[in-house]
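Read the structure below first, then the notes.
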Amino acid sequence: MFSLESIKNTVQNWLQLHVGASMALVIESILLGILVIILFAVLGLVLVFMERKVSAVMQIRIGPNRVGPRGWLQTSADTLKLMLKEGLTPDGADKFLFNLAPFIIMIAAMLIMIPIAFAKNFQIWDINIGVLYISSVASVSVIAILMAGWSSNNKFSLLGAMRSGAQIISYELSAGISVITMVILTQSLSVNEIIASQENGWWIFKGHIPAIIAFIIFMIAVTAETNRAPFDLAEAESELTAGFHTEYSGMKFALFFLAEYINIFIVCAVASILFFGGWMPFHIGNWQTFNHIMDYIPSSIWFFGKTFLLIGLIMWFRWTFPRLRIDQLLNLEWKYLLPISLANMLLMTVIAILKWYL
Amino acid sequence: MHEVVGTTPKGDFIINVGPQHPATHGVLHLVITLEGETIKKIEPHLGYIHRSIEKMCESLTYRQFIYVTSRMDYLSAHINNHACALCVEKGLQVDVPLRAQYIRVLLDELTRIASHELWWGAMAMDVGAFTPFFYAFRERETINEIMEETCGARLTMNYMVPGGVMADIHPAFQQKVKKFIQQYKKKIDEYNELVTGNIIFQNRMKGVGYLSPENAISYGCSGPVARASGVACDVRKRYPYDVYNQVQFDEVIETGGDSFARYLVRIGEMQQSVRIIEQLIDAIPQGDFQAKTKAVIKLPKGEFYQRVETARGELGVYIVSEGGTTPYRIKFRSPGFCNLSALNEMAKGGKIGDLVATMGTLDLVIPDIDR
Amino acid sequence: MNIKKYIQDVFGAIQSLLKGMRVTGYYFLHPKEIITEQYPDNRDSLKLADRFKGEVVMLHDENNEHACTGCTACELACPNGTIKIITQFDITPEGKKKKALNTFVYHLELCTMCNLCVEACPTGAIVMAQNFEHSVYDRKQLTKTLNKPGSKLRAGIE
């Protein structure tokens, strides 16, 4: 049976047999770096194409259908175009910060990949503070956005960056509290253990209403954190032309664009780990045959399937709702999401103490 | 000339929205003074698409100048042409056949729906929802196809001529319009579900861009902008032309004065237009579609004024004639210009997001402002 | 009570959002609603309205005869100076001089398809055609001569 775990083990054994333990570690690190970059490129291409197709069907259009079979090569062609474009740096910009910002946002996105389990026993590094690590590294991206907005020497960019700063910092709270709500149940910050605790049922089913509320709040908060519509105030096309990346062009712009999609993938992966059991197959109580069939589906398929369903949900949001205003955005967080999620956390604690879950 | 870049001595931002900006829907240039994100002052700069249509019309004959007016407010080209045709007919004192009047009013109302459709889509796009735009264009496309079949063009039809309409309606016109109206009623419900009821949209719109009735009158606002402030000013009701006095319809008036009220007025107007079309479509009388006029039209010496209700408000056509074949002077009173002048009053004190929402509900067509 | 209103607000808001998502979700699940026309792939099946105003053409019958007398009514009716008519004097069999059409010059690049020339023509010599693909590489190609070479006035038209 196809599984990422066996491939990993084969490579690891072969390396350790032929080059020795320390050299094997070096080669593995290089291999991992390459793999992450390839994953980024592929994810970027697939997600952009998916977004364009999803939005097209929702908007009663066909979407890209000219380049390649059914338009599959459209995003590759776009990437090629962006690579060949000149990356302009405006006069009066802070050149160092201006050129640094896209790389920081990209590196921050790459770092979050570390604790995510893509399949059974397939993870770059199982840190014991995995979830905490994700929330803390995710907040680095706001620095890059502020940097980009400030150094562009453009008022639209600056306004976009300021909005983004206020937005990401506030929404991190409720996203973090939703994560903590789930951590109360799992009693572990390690990604592997969180997934293992869902062996006999995903938390969204086992965790009663608080888990569902936490899931809704988490989805809203991460949509805001990734600067997606309806919370795309930082780029707010009709107001600030393109917000913080107004002045960027070519590959530097592409990095911002790519980072947005990578971030969506990551937050959806985190949501699928916390609420839907990551790579854990769908099991129902003691239906042995059913559970067995479910086990037969590779764990990586389970993980990517759940993640892409959640990404679809976020895209559905984007192509339905209008954008909020900056003060309403902050109202939503401080007057609604935060109190509700705090109360929800309290409720969850009670449930966890009384062991009401299965 | 004041500064249009940099910051004011007090440290307030001056930003230029336009002439190339996604929110202005054309080449409108707004110089905005910002304190943080709060708008302190807005100054529209006009003239980027000024083509001196009024001056051009002075060298065109009374038959020819009508077609130019399609290029002013291109979204309600029929209604502009209608106004000019009515004004020339006033001077000539010809009676337009009843069939032509019915056709004119029908096409006017179809144009109004098409224009409001585009406004609705663009408005939703301004506040950040992209999908409604395509739904709106689907219905607009159906109207355009009906127009294409009868008038021969989709946007700048030049179908109204002094004395009636250029050609009779297409045989399939009535049936197609009826089919469209039937589908369209369901679509309005869909619009309400998708946008009107949406909590985010309502929050963006309610209490934003308030225009008091006094200001609406003193700035000369007309059309849905004034009616949303509680000013009854529908030319179709107050000064009915053609067969508008024979049809039943309500003048949609809201008293909110904010962007949401303007939104509701336009949605209501779409429904009223449907009502007018439903009454007229089966009652088109037999007869001529054009009154007999001379090949060369000469207006008697004098001044003639005619106003109509376009999708944006009151359009006035003022012709001064010296008795020749061309007008001595033509003046258009365009609704967009007056509505835009109230923008500073509306958006002052709001956020940039509010400015976009307010401008969206003004339904500006820039060539209509500049002419 | 205040807290009751708060909860009502939250549920009302979620309900309104779900309503909107139902609309877009419906279209997502019903790809049949797609209305895109695949121009230019559908060029063969593309049917324009028969009144569509694409360009001015002069009607010629099978004997290569047209109905244009060169009266310049269309030239006068045109608001943009799109039409220029060059006339010549033919000698009729009775030996009289008679004004006739030499060249009907039509500047497509100036034309706004307002249909006034067709309306003005007393003999119905020109009509609007449905061709709409007017792009060319050289603007000289847009200046057209509408009467075909060697064509002449149909007998009986004054």
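Letters A, B and C name the chains as they come in the text, with residue numbers starting at 1 for each one.
What we mean here is this: a residue touches a chain if its C-beta (ideal position, glycine included) is under 8 Å from a C-beta of that chain, and two chains touch if they have at least 3 such contacts.
If you're wondering where the values come from, they're calculated on a predicted model, not measured in any experiment.
Visitor: Using the touch definition from the top, what's the fewest steps needed to get from chain A to chain C?
Guide: 1
Visitor: In terms of Cα-based centroids, which chain occupies the most central position?
Guide: Central chain is B.
Visitor: Centroid from C-alpha atoms only, then distance chain A to chain C, rounded to Å. What do you get?
Guide: That gives a centre separation of 52 Å.
Visitor: Just how far, in Å, is the C-alpha centre of chain B from the one of chain A?
Guide: Taking the mean C-alpha position of each chain, the two centres sit 45 Å apart.
Visitor: Hey, how far is the Cα centre of chain B from the one of chain C, in Å?
Guide: Chain centroid spacing, chain B to chain C, equals 24 Å.
Visitor: Can you tell me which residues of chain A touch two or more of the remaining chains?
Guide: In chain A, the residues touching two or more other chains are 58-61, 319-321.
Visitor: Which chain C residues reach two or more other chains?
Guide: Residues 17, 20, 23-24, 35 of chain C each touch two or more of the other chains.
Visitor: In chain B, what residues contact two or more other chains?
Guide: 131, 138, 194-195, 198, 200
Visitor: Using the touch rule from the top, collect the residues of chain B that touch chain A in their complex.
Guide: Going through chain B, the ones touching chain A are 13, 15, 21-23, 37, 124-131, 133-135, 138, 194-195, 198, 200-201, 203-204, 351-356.
Visitor: Write out the stretch or stretches of chain C touching chain B in their complex.
Guide: Per the touch definition, chain C meets chain B at residues 12-13, 16-17, 19-20, 22-24, 35, 48-49, 51-53, 77-79, 112-116, 119-120, 128.
Visitor: Show which residues of chain A lie in contact with chain C when the two form their complex.
Guide: 54, 57-62, 316-317, 319-321, 336, 340
Visitor: Enumerate the contact residues on chain C facing chain A in the complex.
Guide: Interface residues on the chain C side: 10, 17, 20-21, 23-25, 27-28, 31, 33-36, 38.
Visitor: Applying the document's contact rule, which stretches of chain B touch chain C when the two form their complex?
Guide: These residues of chain B touch chain C: 60, 63-65, 67-68, 131, 138, 141, 145, 148-153, 156, 158, 161, 166-167, 170, 190, 193-195, 197-200, 202, 295.
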